[in-house]
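Common to both upcoming complexes is chain A, partnered first by chain B, then by chain C.
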Partner chain A sequence: MLNPHPGLPEFTYVKPASLDEACSFLAEHAGEARLISGGTDLLVRMRDKAYKPAYIVDIKGLDGTDVLTFDPKSGLKVGAAVPMNRMASHPDVQKYYPLLAKAANSVASYQIRNRATIVGNICNASPAGDTLGACLVLGGRLHIYGTDGERFEDLVNFFKGPGKTTLRPGEIVTAVSFPLPEKGAKGAYIKLGRNKLSDLAIVGVTAYGFPDKKTESGFRFIVALASVAATPLMPPAVETILAEKKITEETIAEAATAAMDACSPIDDVRGSATYRKDMVRNLTRNAISDVWGQLQS
Partner chain B sequence: MTGNFGQRIIRKDAFDKATGKAKYVADIKAEDMLYGVLVRSIQHAAKILKIDTAAAREVNGVEAVLTSADISGEITHGALIQDQPALAHQVVRHIGEPVALVIAKTKMAAQKGKERVKIAYEPTEAVFDPVEALKPEAPKVQPSGNLITEYHICDGDLEAGFSQADIVLEDEFSVQRISPGYLEPEGALAEYSQDGTLTVWVSSQEPFEDRDTIARVLGIDTGKVRVKSAVIGGAFGGKEDPELQTLAALGAWKTKSTVQMVNSRFESFVGHPKRHPARFFYKIGVDSKTGKITALHAMAYMDTGAYASYGPAVAGILTETLAGVYHIPNVKVDTYVVLTNSPLSGAMRGFGAPQSHFAIESLIDIVANKIGMDPIELREINILKPGDKLFTKVPLDVTASALPICIEKAREAREQMKQLIAAPGKVTGTGVALAMQTMGLGAKVQDTSTHRLEWLPNGNVRLYLGAPDLGQGLAVAAEQMAAEALQIPYDRIETICVDTGLTPNGGVTCASRMTYMSGNAIIRAADALQAELLGEAARLLNVDVNQLTYHKGEILKGGGAHIPASEITSRLAEEGRTIQKEGSFSFPYPKEKTPDHLPIGMPHVMFVFAANIARVEVDLALGSVKVTHLVTVNDVGKVINRLGVEGQIEGGAATGLGYALFEDVALKKNGQWVDGFTEYLIATTKDMPELESIVLEIPEASGPYGAKGVGEIVLVPTAPAIANAVFDATGVRVKQLPISAEVLLEGMKKRQTQ
Partner chain C sequence: MQTISITIIVNGKAISLRCAANQTLLDVLRDELGLTGAKDGCGGEGECGACTVIMNGKAVNSCMVFAGQADGANIETIEGLARGEELHPLQKAFIDAGAIQCGFCTPGAIMSAKALLDQNTSPTEEEIKEALSGNLCRCTGYKKMIEAIKIAARGGSANDR
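Up next, the complex of A and B:
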C-alpha cells in the first residue's frame, strides 16, 4: 500500500496538436508532466500516488503514433499509440513476429490490452514487463522524437533501472521498429504467474534461436529474463554456451544454470528470491528446449 | 408446472445488468449530492492522541468533517457483540479502521479534505496470530482481553476412544484470510428529507438490521429511517456489515443533505470483513483393521480480527463441522475465537465450514494413507447415515442418504479421471472431499422471514420480497415459487425488492436459506391470497364462498363459469381497495432434532451435502498446480432455477479453487496487507477446470417443493479435494492454504532427497 487514501490526484489534461507541441510542453514542464497513451500503468501509479504529475499529455493519434506498418524488406514499425490487441492480431505480426504477438497476449487481461501499448510497456521499464524480452531479442529499435528532432536508440541500451530509461526531458518515443526476423528463427515466451491470467510475472523467460553458420553449434540463441533484476536481463553467458557447444540436453541445462547465476531477483509476495532463481533455471531450460524443438521440426 | 422448476430461467434483471442499466449504489445520483470519504487508520494498533480537522474544514467544498465525537447515539455497533466503533474512539485496532468522515460537494474536495485531516497516533504493540494472541504476554486488543468466545463440545469418551485405536495421529492445519472480492465494492447513499427522516440505499444483505443500526448510532427512532436495496453486485457474506450505510446516514443527518459513499477496492480489502483465518490442531484415532475412526479431538483457533463481527456465529458452524461428515463415537472439540489487529473477519460464504473441511478432509486422507486404505473407502466406512447423530447430538434425517450417493459418484469420477495421462513434465493426481453445510442461523436465534403478495388490477401479482437478491438470483427463484403456488405463469409475477418502508421483513439473506425461507413464506402468502380473493369474489358476485373455487388465476363458479382474478381486483380497485397478503415462515428447530445443551446459535439441524472430485497436474519443474477437471456433486433438495443452481456451483468452484491456490490477504514484510488485485489473485476463467456438475434432488420435507440451499455448500469441498489431489500427484501434503507453487516445490525437493 503506497497510498492509504486512493483516488486520482488533481492534474491537468493536455492534448497537444502535434508532436512538436507535445515535446516543447514536456520540455517546459520537465518533472511535472507525463505522457499518456493507454494509461494502464500511469493511472494505477497515479492512484497509488507513486506518480503525481501536474499534467498528463495525451499523445494518442499524434502524427502517426497510431500507425502500424510492415514492409517485407525493412520490417515492422509499431506506433506508440497502437494497442497491444491490435498489434497482436495483425496478420503480418502473426506471420513474421509470432513471438511478439505471444508476449503481448500474456500481458494482464484482454480488456487491459485493448488500451495498453507496447511502447508504453517499454517506456515503463518495469523489470516484469512481459513484452520487453521479445522486443529485445527481436532487435527492437526506438524512434525518439525530441525538441532537437528525431533520434534512434537500440532497445538494448535503453533500460537503466526500474522505471528508468535514457529518455531525456521533452523526448517522446513515437514508435518501436523491428528488422525482419532472422531466417528460420523461432521463439518462445514462458511466463510464470501464480494464476493463468492477470498476475505479473514471477519470472518471465524469452528465448529466440536461429541457424547461424558462424557459430560452432550452428545456431545462435538469445535469452531475455524478466522479473529477476533491475532491468530486463540478457545474460551473454547463455548465448556463448549455446553458440560454442553442440546443442544437447546437457548444453541446454548448462545454459539454464548460467541464466540462473546471472540474475539477482528480489523477495516479494509473489515468490522468494531463491524460488525465483530456481524458476529462472527451469523456465530457461523449458524455453530453450521449446525453441530447439521448433528449430528441428 | 407454472413455476417451470428445473428449467434454465433467464433472470429478469440479466439484460439490465449486461447493458449497464441496472442501478447499483454508485449509479444513484441525487441533486446537490455530497460525497463522503473516510480517513482510515494507517496503524495496526495505536492510541489516537489528536484528530485535527481544522485544515480539512477549510478546503473549498468540504461541508463537514465528522469524528466519533459527532455521534449522538451509540458509538459502537456489532452484529453479535457491540464492540465496533462506527468511527474510531480513542484507539485504532487495525489498518483501515475508519477514523474520520469527510463530506464534501465533490469527490475531489472530499479527497483533498481527507488528506488534510491530521491524526496524531501513538503506536502500540500489535498481534496478528490467534494462538500468539492468547498468550498472557500478548498485547490486549480490547481491555477485556483477546478471547471473545470459546466452545467446548464433548460426545462419548475421548480417552476410551483413543485406547480403542491402534493408530493415533496428530496434525496441524492452517487456512488463510480471504476477501469476498465481489465486483461491486461496498457503497451506500443516504438522503435526508425535510420532514426529518432518512432514506438509505444500500448494497447489503440485511437492510432491516441496517435500519436498526443506523437508528441506534444516530440516536433516533427506527421509524425515521427507511432502508432500500439497490441492485447488488455480489455479497458472499461480506455485505452483512453496516459500515458505510451507517456512516453515510450519519453524514446525511449531520449535513441535512444527501451523502453517497463508495469504498475503493483498497478500502474493501482493509476495511471490510473477510473469511476467518484459522489454525487447527487435530488428534485422531483409528482402528486400522476395520478403518473405523474411534476418536477425534480438534482444537481450532479463529482470528476474527480487531472486532467480533460474526466471529462467534462463524465459530459455531466451524465447530459443528470440525468432525466433517463422519460418524465418530468419541469426539471433543474446542474452538477459540480470538481478537487480533488484523482487518476484521466476519461472515463469508460457507461461514466456518470451508475452514474446518480443509482440515478434516485433509486429515481423513492422511489417515487413509497411513493405514494403506483407499481414501474413498475410508470415507465410506465412516460416513454419517440417516438416523445417526452428530457429536452435537443432532440426529440426521433421510437427506443424509445423499452421502452414499456422493461416494458412488466420487468413485465413478475418479475412475474416469485416472484414465487421463499427464502432460509432459507434469504429474497427475486425483482427490476427493466430502462436505456438509448447515442451513439456518442456529437454534435460539430469532429467524423469521415475511414476504407479501398483492394481486394487481391488471392481473399481475406483485411480490414484495422482504430480503435482498444479492446477485445470486433469489428474486427469480421467489417469482417461480410464487407462480407455482398461485398456478399462474411466471411472467405474471413482478417483484419489489426489499424496502423497509414498503416490504415486510424477510430477514438477512444468508446461511443458505433464503430460497427455502422465502419459498415457504410465499406459499403461505399465496394460500391466504387465494382465500382472500375467493372471499372478495363471493361478496362482489353475491354468492356463498363455498360455491367458488380457485384455479390457475381464475375463480370457478358452478356451471362452468370462470372469472379472471383481475376482474375481482379491478373492481376492488374502483372501491379503492387491494388484495394483499403476507406469509411468514420461521426456520424450524423441532424439539426432537434440537438438543438444548449448546450455547446460543447452536446447533444447526438442517444440512446439505456435497462431494468434489478434482484432478490436478503439477509441473515438476515449477511446482505450479493446474486443476484440470472438477466433478461436483451437490444435493439441493429440488432445483428451482437450473441456471441459478449451475451458476452457484460454478461460482463456488471458482471461489474454492482460489481459496486452494491463490487468494491470501497476507501481511507483507513491509507491514502492509495485501490489499489490491495486483497482488491478491482470484481464479480466472483460464484457471477454471473442466467442470461437471451432478445435481442431486433428495427432497427436504420442510422445504418449499422440497428445496434446500445451495449457496454455500458448493465451495466447501473444493480446496480439500484439490489438496488431496496434489498429495496424490506428488506425495507432498500441504497443510496450509493457499498451496503455493513455491511451498509445493520445496516439499517435492525434500521428498527427493529423503
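Up next, the complex of A and C:
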C-alpha cells in the first residue's frame, strides 16, 4: 500500500552522485527543483503548500559536505550537511566558538537539531533564523559551488530579504567557514520567544565584543538583530557609539536606543512592531551588558 | 507519482521496500511496515515529538525525514525494545514511575530517552530535559518522565530512589 502522507505534494526525489551533477540538475530545473539538507524547514513549507517543488535534490554527504574541520591557524569550516547538534557539541566549537554553539542550541528542539543544519538555517534566510546573528558577527563566509566552479561570499552580503539570498540557480552552499575569533572576544545571544523551545524568535539579539587598541573605548562591539527587519540587521550606529565613547551604563543604554531606532519590525502573530522595538532596546542593553561583564572578568 | 526503492534496517532487520517519494519515514513505518508505535501527533510539523524514532543512533522526528533520506539508515522504534515478554528497562521505569497516562506521547518520549541513555549512562536532570525538549505530553507532564529516566539510568526500580 503506497500511502503518501496527506498534505505532502508529489515530487521526484533526486540523489545526485556528485556536486557537479547536483549543480547541473539544479540549473536545468531552476524554479522547480529544491535542495534539501536537514529538511526541517522544507517539509513544513511543503506541507503548508508554500513550496511545491517538482524535484527534491538531496546533497547529503556529497564531496565532503558532512565534514567539520577546525584549524588553529585558519579557523572553523562547517559542511552543509553537518547537523546542528554535531556542530554545537564539537569540542573545538565549544572552546573557540561558544557563541555559535549557544545560538544553535536555541533552535527548536533536540530532535530537530539532530537533523537541522546551520547552512540550512542560513539558506532559509528567515530574518528570525537563530544562528544568523552569530554567523554574521563571527565573520561567516559561505563556500558556494555552482556550474562555474566555486565562489565565496561573506555572509554580510548574502541576505536580500525574507527567503531571498544572492544564490543563483544551480548554486549550492557547501559549507560556512569562520576565521579564528578575535583575541579575548566574548559573545551573548538573547532570544525572546513565546515559549522557551520550538518557537521562532520574536526578537533575537546577538552581541559580540573584543578588546581593540584602535578604538577610543578600547573595545569593539558588533550587534546583530533578528526578527526586526526583512534581513538580519547589524546597525552601524551601535558599533560607532561603543567604539567612540568610554563604555559605561549610559553608553550601553545609548547604543541600545540606537539599535531600536535602526530597526523596522512588523506586526505579526508573535508580537507587535511597538513591542518588538521596546524589546530590541531592552535586550540589546542586556546583551551588551552581558558581554561587557564577561570582558571585564 | 514517483516510487523509490529503499532499504532500511528496522530494529535490526534489513527491509527493502518500494514507497512513494513523498512518504516520510513515519509513513513508511506506520503504513508500509505496520509499526504503529510512532505516532503522528501534529500533522508532521516537527512540533510534538510523538513520531520520534532513533536513526543512526540519534533521536529524530520521523515525520520530518523523507523516505529517500532514510535509505540505508539504521532505525530503532519502540517495537524493538522489549525482548519477548520482557520490557526494556525504560518501558518498565515509565510504568513504575507512573509516567504514562494516555500513552500517546510515550513511544516518542521513550525513544528520545533511549537515544540519550545509549550515549550517556548517567545524565543530569538538565540533560534529560534537553533530550525531552521536543516531546510534548498533554496529560502526564514531564516530572514523572524525568523520574522514570533517572530510574532506568540507575538500572533500578521506582522503590529504590
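Just so we're on the same page, the second predicted complex is superposed on the first by the 291 of 297 C-alpha atoms of A that agree within 3 Å, B and C clash if a C-alpha of one lies under 4 Å from a C-alpha of the other, contacts with A are read in each partner's own complex, and residues count from 1 in each chain.
As a convention for this text, a contact is a pair of C-beta atoms (placed from the backbone, for glycine too) under 8 Å apart; a residue touches a chain by one contact, two chains touch by 3 or more.
From a predicted model like this one, the values you see are computed outputs, not experimental measurements.
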Superposed partners chain B and chain C on chain A - clash or fit
clash
Once the shared chain is lined up, is A:Ala108 touching chain B (first), chain C (second), both, or neither of them?
second
Applying the document's definition of touch, where does A:Asn282 land relative to chain B and chain C: first, second, both, or neither?
first
Applying the touch criterion given at the start, work out whether A:Glu10 contacts chain B, chain C, both or neither, answering first, second, both or neither.
both
Have a look at where A:Ala30 lands relative to chain B and chain C in the superposition and call it first, second, both or neither.
neither
After lining up the shared chain so the two structures overlap, which partner does A:Arg194 touch, if you call chain B first and chain C second: first, second, both or neither?
first
I'd like to know which partner A:Ala50 touches here: chain B for first, chain C for second, both or neither.
neither
First (chain B), second (chain C), both or neither touched by A:Ser272
first
When the complexes are fitted on the C-alpha atoms of A, one of 93-101, 111-119, 129-137 or 147-155 in chain C overlaps chain B. Which is it?
93-101
Under the contact rule defined above, give the chain A residues that sit at the interface with chain B and also at the interface with chain C.
1, 4-5, 7, 10, 44, 109, 197-198
Using the touch rule from the top, collect the residues of chain A that touch chain C in their complex.
1-5, 7-13, 15, 36, 38-40, 43-44, 47, 56, 58, 60, 83, 85, 108-112, 114-115, 197-198
Where on chain C does chain A make contact in their complex?
1-4, 18-24, 26-27, 31-32, 43-47, 49, 52, 58-61, 63-69, 112, 130-135
Residues of chain A touching chain B in the complex
1, 4-7, 10, 44, 109, 192, 194-200, 267-272, 275, 278-279, 282-283, 285-286
Chain B residues touching chain A in their complex are 37, 39-40, 42, 95, 107-108, 111-112, 114-115, 264-267, 270, 425, 621-622, 624, 626, 661-662, 666, 668-669, 672-679, 681-687, 740-742, 745
